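First chain written, first letter: the chains are A, B, C and D, and each begins at residue 1.
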Amino acid sequence: MSFRPLDPDFENKTKESFSRQWFMDFIGAELTEVRPGYCEIQVPYKKELSQQHGYFHGGVIGTVADNAGGYAAYTLMPADASILTVEYKLNLLAPGDGKRLISRARVIKPGRTLTICRPEVFVVKKGVQTLCATALMTLMALHGKSDMPG
Amino acid sequence: MSFRPLDPDFENKTKESFSRQWFMDFIGAELTEVRPGYCEIQVPYKKELSQQHGYFHGGVIGTVADNAGGYAAYTLMPADASILTVEYKLNLLAPGDGKRLISRARVIKPGRTLTICRPEVFVVKKGVQTLCATALMTLMALHGKSDMPG
Amino acid sequence: MSFRPLDPDFENKTKESFSRQWFMDFIGAELTEVRPGYCEIQVPYKKELSQQHGYFHGGVIGTVADNAGGYAAYTLMPADASILTVEYKLNLLAPGDGKRLISRARVIKPGRTLTICRPEVFVVKKGVQTLCATALMTLMALHGKSDMPG
Amino acid sequence: MSFRPLDPDFENKTKESFSRQWFMDFIGAELTEVRPGYCEIQVPYKKELSQQHGYFHGGVIGTVADNAGGYAAYTLMPADASILTVEYKLNLLAPGDGKRLISRARVIKPGRTLTICRPEVFVVKKGVQTLCATALMTLMALHGKSDMPG
């Protein structure tokens, strides 16, 4: 599906919002791609992100699924709107066993009030990407509430 | 609902497993209560856990919901079983605006293979607890695979 | 939780809307209780509602969970609003083995735009009610769009 | 994704199981395509399937999503296994306004115990198919419990 963004500055505003999320910096997440209706976030492995078997913790997998979905929706919002996660459902499909997580989220149904996204999370090991989680997510636009600090 | 744990040592094994999760330590999460079919996890606020408005990041809320649900199920497992999150669905109900998160998860349907839990997350501000997320979650037992490090 | 309905005529409008759903009549569903933020729907067994083992079909269980959740939310809407199901997640906990289904749904978070409900479905056999499904559901109000036929 | 069925007779066993579901016959559903890891179910409109605006009732949409997902998983099961819906999450994306529903479900992660499917439901109006619902679903195999009537 191809989307026309309402805000021509969608890429900058998305990067700027991402950069103000302390938690993304804390876990070492990077915003690696932004397109209309699409967002990709990557997280290199560090042991602070692991669970008891040394794999990426499910909480990190859920975090990047949620965040990529939120920013995929945000790319399609007008300049004066911010976005809230209403809910998501996440299936964990394989252990987070690898050196990097890549979360890719696509909008599957845009809307003025609600937007539906499908985030997927891959784990990369020896160059092979394995789908380790898939999600289905609902977001709500807050119109007249820009996401800018101030 | 009241549950009889299959493993009399359920409290120690749960605390021991939790203590081996680097990510819980990294975000400052504490396992504050363990009972058969129930688990409570708390996280004090620090700015590293925040999103762009200074509230607890949704990823942290999801992480403690997931983890409390997992350990609530784990309390009912036999000694030689570990537990995997199959999936969860989380509704975010209010901003994570406060000084502490408290996640409380209850088993609503135990089973030999699958266990269903209901995690809830509260945010505490000026002593008042507000429900900020509720979830519904499915976990699977892996029998013959103790969670102990090898 | 106790709720104050915005429309004093909430009970009549709910019953009236239910009575216009052909599908409810087709499966033999009855609206058995309406209170602010709460709705109960019952379906007596008939073999047309069964799956291959003679139990209530999962589709019937999902239908009454969805519908009870929708009407629980509808009781709290102002007179000029209708309600849409945004999404729900349903866990099936036990076979629908019995003579009657009872779906009970409660609002857990009301809102002007979005309302969150928790529907549960019980199956009744020899007078014993067994929880056979639990759900978590998001609904959206459409303001200025009364549900009345026009 | 392409799948090798464990039971070479997967098509017949799927059709045979479907034919024993009274509820599918009652709503007029037809099993229109079965392939390894894929199932399509169609339902022509009749007013008995409608909600208060004359569209397909959400319960019918949920029913065919659930059922197509279940049979998509069933095609990959060995001959002596039956399949149970553990849970699903469904987002309703557009009104069920049309003359026919088509539910198409694909397995996205097969497994010995758990299988994950993605059902989609389209509504057909004047020859145009509109996506009206998308789901994410978990199923469990019951090994040694053939679905055959006894």
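We take it that a residue touches a chain if its C-beta (ideal position, glycine included) is under 8 Å from a C-beta of that chain, and two chains touch if they have at least 3 such contacts.
Here the structure is a predicted model, which is why all the values come from computation and not from measurement.
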For chain B and chain C, chains touching each: A, D
Winner on C-beta contact pairs when A-C is weighed against A-D: A-D
Of all other chains, the one whose Cα centre sits farthest from chain C: A
Inter-centroid spacing, chain C versus chain A (mean Cα positions, whole Å): 33
Distance between chain centroids, defined by C-alpha means - chain A, chain B (Å): 22
Approximate Å spacing (C-alpha centroids) for the pair chain A, chain D: 30
For chain C, residues contacting two or more additional chains: 86-87, 89, 91, 136, 138
Interfacial residue positions of chain C with respect to chain A in the complex: 86-87, 89, 113-114, 136, 138, 140
Chain C contact footprint on chain B (complex, rising order): 89, 91, 93, 108-109, 116, 118, 131, 134-136, 138
Touch list for chain B against partner chain A, complex: 17, 20-27, 47-52, 57-60, 62-64, 66-67, 70, 84-92, 147, 149
